[in-house]
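What follows is a pair of complexes built around chain A, which joins chain B in one and chain C in the other.
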Partner chain A sequence: MMLLKLAWLNIWRNKRRTIITATSVFFAVLLAIIFRSLTDGVYDNMIHNVVSYSSGYIQIHQKGYWDEQSIDNTFEEDQQLYQELLKNPKVTHIMPRLQTFALASYSDKTKGVLVLGIDPVKEKEVNNLHDKIINGEYIESVNDNAVVLGEGLASQLKLKVNDTLVLLGQGYHASSAAAKFRVKGLIKLGALELNNNVVYMPLKQAQYMHGAENRLTSVSVMLNKATNLEKLKHSLQESIDSDTYEIMSWKEMMPEMDQFIEADSTGHNIIIGILYFIISFGLFGTLMMMIFERKHELGILIAIGMKKRLLAFVLLLESIMISLLGCVVGIIGGMLFVKWFTIHPIQLTGELKEVYEDYGIESIIYFSSQEKIFIIQTLIVLILSILLALYPSYKVMKLKPVEAINS
Partner chain B sequence: MKIKSICKGLGIILLMIPLLGIQLQQELSAKDIVKKAEDNMRGKTSQADITIKIIRPTWTREMNMKAWTKGDDYSIILVTSPAKEKGTVFLKRIKEVWNWIPTIERNIKLPPSMMSQSWMGTDFTNDDLVKEASSVVDYTHKHLGKESITGKDCYKIEMIPKPSTAIVWVKVIVWIDSEDFLQLKAEFYDEDGELVNIMNSSDVKEVGGRKITSKIQMFPVDKEGNSTVIIYNDIVFDKGINDNFFTTRNMKQLK
Partner chain C sequence: MLFQIAWRNIWRNKARSLVVISSIIIGVWAGIFILSFSWGMYKNNIDESVYRQLSHIQIHHPTFGEENDSKFTITNTDEKVKKFQSDDRIASVSSRVISTGMITSPTTASGVKIYGINPSSEVTQIRLNEYVREGAYFDSGKENEILVGEKLAKKLKVKFKSKVVLTFTNIESEIIAAAFRIGGVYRSKNISLDEVNVYVQQEHLQELLELKPSESNEVAILVKDEEQLDSIKKFSVGVVPKGKIEDWKELSPELNMIIESFNLYTYIISGIILLALTFGIINTMLMSVLERIRELGMLMAIGLNKRKIFIMIMLETFYLTLIGTPIGLLTGWLTVTVLGKTGINLSMFSEGLASYGFSSIIYPALDQEKYEIIVTMCLITAILSAIYPAYKALQLNPSEAIRKI
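The block that comes next holds the complex of A and B.
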């Protein structure tokens, strides 16, 4: 206790030195947090955008659907399932879908397409589909007797708004699925694959066309951007009937995106490693200066009977206090920074904005505010500074009082 | 596939020609037996009312159809139920297959790439509709003795396609009833010698004044629990049908 008090008094004896050291820790923490928050935020944003058009964060299928994606492996629409899913506070939206492949034909052009039977209202809440319409109108309800086409697909079929699209596919239980639809609008999507292949169809129409009344291939679940995916998947898994349904996260359904992020973040880990390295040297410098300045004082303390061990411990305590101080201020600073940019995200402009939009990703820089980032980054800096503080302690153990007093 | 193509898809609907009092000899060559069985299923024309059942492990589906045939070259099938597919027509003209789909008002000529795909979701392929190989001319036949199928005495005959033909099977074994000369069973073997399909014909009945096997069931061997059943509810034989009946134009007004 006395040592604690001693250390506390010591660090405030030379305020300037303490503040400089604490400031270097503060900047280290702040930089690490901002960097991580930024990279994670960019990933989160990318994932959110991609999954909102495609699979959703989590998808629920009839058991066995993923291995054999046929319309025969669909399940009956179930309000109870919806309620069960929405009960979870992390779940923001659910999107029922009937997804099949069909041949689309207009005049003498024919092409294989992805038919997405959707609930237009639910869908637009999630991914603002109606904003991407570049020609014509968006479908209004599940019963609307019209479809919306990817703009790339429309140009391949040489088709315009209000033309009639013919679709031919495989229906439920070997029935045939054939129908004509008016094209109500064209939609420009970032993902080329979707843009060139997708036909959005009101859910009820899709079900009727495939002879699969009230049946769905999947229910996509949307979550808050920063939700622990695996944990949520488990809790959802428990709440639904696992004999009937299978539940999959986007990582399982789109492993290539997961791998891309993994590979990309390895690069970021190297950068952040270098950042830690630089920070460590800055910190080390201030610590060295401190021990140098106080050599005389330390020598006298030992000479009048202070045990070296205890003195080394006091120095360690001082370092920890300074680091803690820096870390706490750093976290507060980081939080304020991230908070500010979460409320006022950085809007990209110019060419970069176009690149982002071409890929169908919102052109904003979004900062992730996952608590995990704050905790991990702070801990790393804290541990680093404690490790570094071992050096002054070591110096004290080696100190020769006479030389020190005379220096 | 060729040999029993007649029994599959459209071919199934072919009618039998009356034996016209041909006296059966005690010892028939394998080829003669196959010819007799084939003749029993071929005719000048036929009009049939058919029910097709698709049986899968977890579901079944039933369709009703009307079919008209003329010789080997022409046939036309009209789907009469279920309601959603009512009016769908398949036309086989020589080697072409056309599919009229009223809901989209399109007449589609089935491309070669679709020939090996399932016909209407059944265990028959589109190819089964058009193959017109003759089980008499295109194969060499060999007696494998006699066996009893569902209590009936049958000739068991092995048929090997001739090298010049485009038959996908390497071997077909048929069982032909020694009394009525109706084919009761057929086994189809692929190039690896593996059994691929089994076709059973049963329920010998007098329909339209002839004795025919009114129920034909196809089992794909590698898909357990899957099969397709074809049932002849009614057939009218040898009623003259004009060639003009088998045209793409007529498909659209068929009732």
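The block that comes next holds the complex of A and C.
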């Protein structure tokens, strides 16, 4: 207790030195947080945009659907399931869908297409589908008797707005599904695969065409960008009937994207490792200077009978206190920084903006605000600084009092 | 005179000087390493697409790209391919017949892009044979052999030697269905393409499509030296005057996005690193100035004016930087050269990647221009970060400074 008090008094005896060291720690924490938050933010933004067009963060299917994606593995629309899902505060939107594969024909052209039966209103809240229309109009409600086509698909079929598209596919329980629809609009999507293949159809029409009234292939769940996916998946899993439904995250449904991100973020881990290295060196420099400056003082303390071991301990305590101080201020600074740029995001400009928008990705630099970043980065810096603080203690153990006093 | 004082000052307290020098060395080294590493990472992505998928140049019939119909062909392909092969700037050429259609297994169906290839020429082109996991790369001698992706095979629930049916339209717009036997299952690094691309023998596909044996839809060219890309593009116009000639940048706008993003984030990341370096140096220099209060006060008292003190401290930093930079440059260059040869295997650092069976080896590389930029930036950073401590020294009051311990 005495030592604790001694350390506390010591660090405030020379405010200037304490502030310099604490500032080092502060910047270390701040920079580490900004770095991680930036790199993770880029992925979060990318994932968010990709999943909002495709699977959603989490999808719920009839059990067995994923292994055999046939219309026979659909489930009855269930309001209770919706309520159960929306009850979770992290869930922002749910999108019921009926997704099938069919042949689309116009005049003498035929092509295999992806038919997405959607709820147009819910869908546009999530991914602003209506903004991507380049010709004609967006479908208004689940009952609208018209479809919207990917622009690439339309040009392959040589078809324009208000032409009639014939669809032929497999219906529920081996019935055949055939129907014709007026093309209400053409949509330009960033993902080439979708742009060249997709037919958006109001959900009710899709169900009617396939003879699958009230049935869905999936319910996509959208979350806040910074949600812990695995945890949420588990909590959702418990709230729904696991005998009838299977629940999958985008990582399971799109392993190639997860793999790409994993590879890229491994690269970033190496870079952040170097950042830690530079940070530790800056900190080390400061600590080394401190021990120089105080050689005289420490020599006297030992001369008047302070045990070296205890003195080393006091120095360690001082370092820990200073590091803690720096970490606390750093974490607050990091939070403010991230918060500020979440509210006022940096807009990309120039060519990059166009490329991003072509892909349907918001052209902003987004900073991730997952708590885990703050905690992990602060802990890493704290541990680094405590490890480094062992150096002054080590120096003290080797200090020769007589030389130190004379220096 | 000042030059000498400054020079002696930095060697009077070796430990302190070494800390600053090391900070600079690490700064320069880290700058070089990070840029070369990210460049290597991005280059890895591009090479993967160019060498294993797109090739440097692709030539099609002008309307093939829009209509995706096999009837838009390049005629007399063999002759043209020979012409390309005789040019020694070109590493590899191959021609392909392409059709889109549906693949059907006993359980389900899926949309596919059917490539009719010359198995032997793709060995040097996209090196498809290296990706074969199960079965073999076109060695049965039967004409109805097909190579499918692992992901597609899983989706269709088929295995090596299973039978599948391909349905597509020929050039007369008649629907054709043909049975194939799976001769091999491949897995490339681009799993989403594995699900749609299937490969069959070119001659067999030509027959089914009713194309002439000399017709094909795509000619792909790999060049030896990327700097000659433009001249080879011009040369191609002479060989295939009516064709649409595109290089990989035009073929894949996604790669463009990777390049643009890379540039942006590299700048941000380098900025953060330099900032960290700056604080390291400022702190050490500040400490060193404040530690020497008494000494500086004494110098002032015996008549060294403030301007000279300022210059002296700046000179000290300058010397330290001058010593640190070349060493940093050398270590950085060595690291890049050594790792550029051996490569860094990313999957060593990530369990997640290893579990995907993903091995991606990154070869750091950096051009001379970037070295120069890094060195200049570090020099500027180091000098700038000395200004504040030197300015602090200016504010000393000699009589007070001497009395301080």
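Keep this in mind: the second predicted complex is superposed on the first by the 407 of 407 C-alpha atoms of A that agree within 3 Å, B and C clash if a C-alpha of one lies under 4 Å from a C-alpha of the other, contacts with A are read in each partner's own complex, and residues count from 1 in each chain.
Please note the rule applied: contacts are C-beta pairs under 8 Å (C-beta built on N, C-alpha and C of every residue); 3 or more make two chains touch, one makes a residue touch a chain.
If you're wondering where the values come from, they're calculated on a predicted model, not measured in any experiment.
Residue contacts after overlaying the shared chain place A:Leu3 against neither chain B nor chain C. Set side by side, chain B and chain C differ in how many residues of chain A they touch, and the one touching more is C. Within the superposed three-chain model, A:Met397 lies out of touch with both chain B and chain C [touch as defined at top].
In the superposed model, A:Val121 makes contact with neither chain B nor chain C. Of the two partner chains, neither chain B nor chain C is touched by A:Ile375.
Once chain A of one complex is fitted onto chain A of the other, the partner contacts of A:Leu336 are absent, as it touches neither chain B nor chain C. Of the two partner chains placed by the overlay, neither chain B nor chain C lies in contact with A:Ile383.
Of the two partner chains, chain B is the only one that A:Gly211 touches; chain C does not reach it. In the superposed model, A:Ala303 lies in contact with neither chain B nor chain C. The contact sets of chain A with chain B and with chain C never meet. Those residues of chain B lying in contact with chain A across their complex are 54, 56, 58-59, 61, 82, 84-85, 88, 101, 103-106, 108, 118, 120-122. Contacts from chain A toward chain B in the complex involve residues 72, 105, 166-168, 170, 173-176, 178-180, 211.
Here chain C touches chain A in the complex through residues 13, 15-16, 19-20, 22-23, 26-27, 30, 33-34, 37-38, 41, 66-68, 100, 102, 107-111, 169, 173, 190-192, 253-254, 256-257, 260-261, 264-265, 268-269, 272-273, 275-277, 279-281, 283-284, 286-288, 290-291, 344, 346-347, 349-350, 352-353, 356, 358, 360, 362, 405, going by the rule given at the top.
Contact residues of chain A toward chain C in the complex are 16-17, 20-21, 23-24, 27-28, 31, 34-35, 38-39, 42, 68-70, 101, 108, 110-112, 155-156, 193, 197, 255-256, 258-259, 262-264, 266-267, 269-271, 274-275, 277-279, 281-286, 288-290, 292-293, 296, 348, 351-352, 355-356, 358-359.
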